Amino acid sequence: MNATVSDVADWWATGVCRMEPGVVELRGIPVQDLIGSTGLVATVWLLTRGALPDPREAALLEAALVAAVDHGPQAPSIAIARMTVTCGVGLNNAIASGVNALGDVHGGAGEQCVELLNEIVQREADGQSLTGAVAEVIGKHRYVPGFGHRFHPVDPRRDPLLALVDQAAADGVVAGRHARAARAVETALNTGRAKPVPMNIDGATAVIYAELGFPPPLARGLFVLSRSVGILAHAWEESTQGRRNKGPIPPAVLPTYLGDPTG
Amino acid sequence: MNATVSDVADWWATGVCRMEPGVVELRGIPVQDLIGSTGLVATVWLLTRGALPDPREAALLEAALVAAVDHGPQAPSIAIARMTVTCGVGLNNAIASGVNALGDVHGGAGEQCVELLNEIVQREADGQSLTGAVAEVIGKHRYVPGFGHRFHPVDPRRDPLLALVDQAAADGVVAGRHARAARAVETALNTGRAKPVPMNIDGATAVIYAELGFPPPLARGLFVLSRSVGILAHAWEESTQGRRNKGPIPPAVLPTYLGDPTG
Amino acid sequence: MNATVSDVADWWATGVCRMEPGVVELRGIPVQDLIGSTGLVATVWLLTRGALPDPREAALLEAALVAAVDHGPQAPSIAIARMTVTCGVGLNNAIASGVNALGDVHGGAGEQCVELLNEIVQREADGQSLTGAVAEVIGKHRYVPGFGHRFHPVDPRRDPLLALVDQAAADGVVAGRHARAARAVETALNTGRAKPVPMNIDGATAVIYAELGFPPPLARGLFVLSRSVGILAHAWEESTQGRRNKGPIPPAVLPTYLGDPTG
Amino acid sequence: MNATVSDVADWWATGVCRMEPGVVELRGIPVQDLIGSTGLVATVWLLTRGALPDPREAALLEAALVAAVDHGPQAPSIAIARMTVTCGVGLNNAIASGVNALGDVHGGAGEQCVELLNEIVQREADGQSLTGAVAEVIGKHRYVPGFGHRFHPVDPRRDPLLALVDQAAADGVVAGRHARAARAVETALNTGRAKPVPMNIDGATAVIYAELGFPPPLARGLFVLSRSVGILAHAWEESTQGRRNKGPIPPAVLPTYLGDPTG
């Protein structure tokens, strides 16, 4: 066994925080200097990006995080958390199972949309026309992430989020290129179609995350933080209603039997 | 099968949000009225409590949520998330497993401390002396939740949080009874002991949650929201470091073999 | 930093397996000596109990594990796994969230029933009458774990499991005391009641686990292993059906809105 | 709301089991006909494949499932379960978090190796030479899944598993094409290399799963069932050792602080 205790300490090396007895520093800032003066959203930024944001950046991020907190018990993540909490586990376990469902299909559209917008913006920076870049990039997708909704004809969260991005761009807080790219995607998707494919909440929040410079995987991470609020609220409500072992449908409804699918 | 579609709709009844095509209302407020004007912490309060808080209540809650975001990779929740993200799953899965560990022992002290403080305050309201109430209530516990720390001799987060509670009490935002109870517990625990058992982060945040009227299980829920920030930041950092299948210790260190424990 | 590398190795000490380059021993047996000659259920016993079982003990355990593999998509664990797998995560994540729901209420009845049967058997060993022991022990419970079912008037798994226990008792493989205790509980619960409260699958498997000497928490662990089979089968079936983001009810059914529950 | 209760029943349609009051049928077989006569591994096959296996197929599958039950606490899945169970949650929650880590990198090599072997076998069936097929297929991978091990120079589980496959091929139970392909991959990888890249446990079990006709994603599912046994045993052992909030390293070892990584 040739390893040393230093190797063990290095195995868990981190720049996120420094811990010593009596000391908790987050990205170099003593935690006591944050308590009471720095908001939760700015702290999210500090921990994930390494330094505190401009307050106007934090405000734009905060709007995106508020917008996505909940979308009702028809969303698998919410339903799962509600069912889990009736099974005799803690609220943390119920939240965990809800968050666990925020995968590529349920919670990943924001991440994929940031990638898509980044690619369009990069192509523009490299000299391609916006229209051309949009056409090529969306041509790769069967479902263009961040656009279209099976429930809302117009998502009520789209316009207020884009208005805030526009204001931030006007104020010089962000460059506005990703917002412009997203609107160009929306136009391209809707040209010549009977049923529109409008930007959805994943698209509108992706615009914000991309404008603020978050790497794509953090778009999913931020969505997790946001949706955890709704997951908690629903799990808590369910736990106060007293059901035990809640299934997906009332016990009086029996699932259809499909027969032997290998027959 | 006697159930109706209404029974199915009722099975998933909720007061947290109202969803219709084009409509997302959170506790009766259209989501578009929150975006850009309401903070994330006030939205947490809205969803879990049913109405928006006073801004000074939200500020006090925000301080507690900021204080607990991270305590380093020695905490099981953080280490678990870091290890999980190296195994080829999404950030959401890594966060889920971290949150899943915030059980009665790791994340539950806040919940238990709110219960303990509520009981002391109730006993006082019923006419018992504070000293008597504290003695009886802490006598029930082997580990008094919210007090003592195996790492910090003095937790750097305790004093700034209590100072904010005191200010809120002076301003009439909270009553201050739970803070008084918590200090009385600390005094009782430290009387006649060589090694102090100071209030820790779970205790200091429990004071705030209790003063603000959160039911005990929500203390754990709020801790989950707070610690999720650190879990995300650590999982993200780990994912950028490139390890695959990270175990708890470097591969060169082999776990001790205990022999046949049944022998 | 006073710790040594030995302290680190001891931190992860285990008697379950010994690992060295080229060596994998399970409870002292080289893994290559198990492959092809020892069954999976005997291996479960080996790892959890420390030594291989008698083949007749393994057969009884195997019957209990087979009996509980599935109870359909109305069970929260199964529904959760099916919903999760449509959200863009791996089968392992879907199974994890299903298993996460096997808590005190959904998967814990077996554990609680083993405790209850152990207590009755202990009271008998201490000289109390069986009838008296049963009456006192079941009097502590609002729901007697392992008895009663909201779906099956008679659980089809009860009789074959009890017949196997009886045979094992006749063969001297087990003592038969827990089976006798469980039948006495059933008799006591059904005396003078219009609607019977028969032993259910948790009760019948708890009899087996208790007769075989598994500590109560392992009853839950064994149920997890068993139900994981059904969870996998359902998640896999769902993943072949092509739904994305499957919610608990069809999108055309909207959850009932409860209004402001704080109003 | 135009949906009917039939739509709701169809939303949860399944061919895995048929449930009615008093009835539990698994893939068309009443559960009581399985209890006591059908093994757990044959039941795994029944539920995932739709019909019972030949006993020699079940025996081969059983060997693969036994081989992979445990690989010690240095594996993230095992360490995570052990840490989680010290945090005040149930054994089911600890197992869930262990299983959650069996992602593309930790538990997915088997799935990827089945895909790789299937492709080689298909290319051979289409007329390509085995050597040519192997060269083209392994050329696509940086890490060839199922081959190489950072710990074992020779994995002790490889030879006994391949011997069982060879016997099954000699007996006409399986065709033996995937075993031949896997050995050809091993030869190709080791030609001209100082350090060998031998077939590992994921490769050897993938040969069996592929020979038995399991679709690739089920290879991961089967590994989850197998490793859950070890995860349970380790979580249970840890829970009897009494640690609370177990971190990855002893408290006396502090993680190295990396400084501000953005600086």
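Read from first to last, the chains carry the letters A, B, C and D; within each, the first residue is number 1.
Note that a residue touches a chain if its C-beta (ideal position, glycine included) is under 8 Å from a C-beta of that chain, and two chains touch if they have at least 3 such contacts.
These numbers were taken from a predicted model, which means no experiment stands behind them.
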If a chain touches chain A and chain B alike, it appears here: C, D
Centroid-based (C-alpha) most distant chain relative to chain C: A
For chain C placed onto chain D, the superposition rotation in degrees, Cα atoms, nearest 5: 180
Separation of mean Cα positions, chain D and chain C [Å, integer]: 22
Separation of mean Cα positions, chain D and chain A [Å, integer]: 31
Geometric centre distance via CA averages, chain C-chain A, whole Å: 36
Chain D: positions in contact with at least two other chains: 1, 3, 5, 8-9, 11-12, 14-15, 19, 72-74, 79, 89-90, 92-93, 96-97, 100-104, 107-108, 151, 237, 248-249, 253-255, 261
List of chain A residues in touch with chain C within their complex: 1, 3-5, 8-9, 72-77, 79-80, 83-84, 86-89, 93, 96-97, 100-108, 150-151, 237, 244-249, 251, 254-255, 261
Contact set on chain B toward chain A in their complex: 1-3, 7-8, 11-12, 14-17, 19, 21-24, 26, 30-32, 34-36, 38-41, 43-44, 47-48, 59, 62-63, 65-67, 69-74, 79, 90-93, 95-97, 99-104, 107-108, 151-157, 159-161, 163-164, 217-218, 220-221, 224-226, 228-230, 232-237, 239, 249-250, 252-254
Residues of chain B defined as touching chain C within the complex: 5-6, 8-15, 18-20, 27-28, 49-51, 89-90, 92-93, 100, 248-249, 253-263
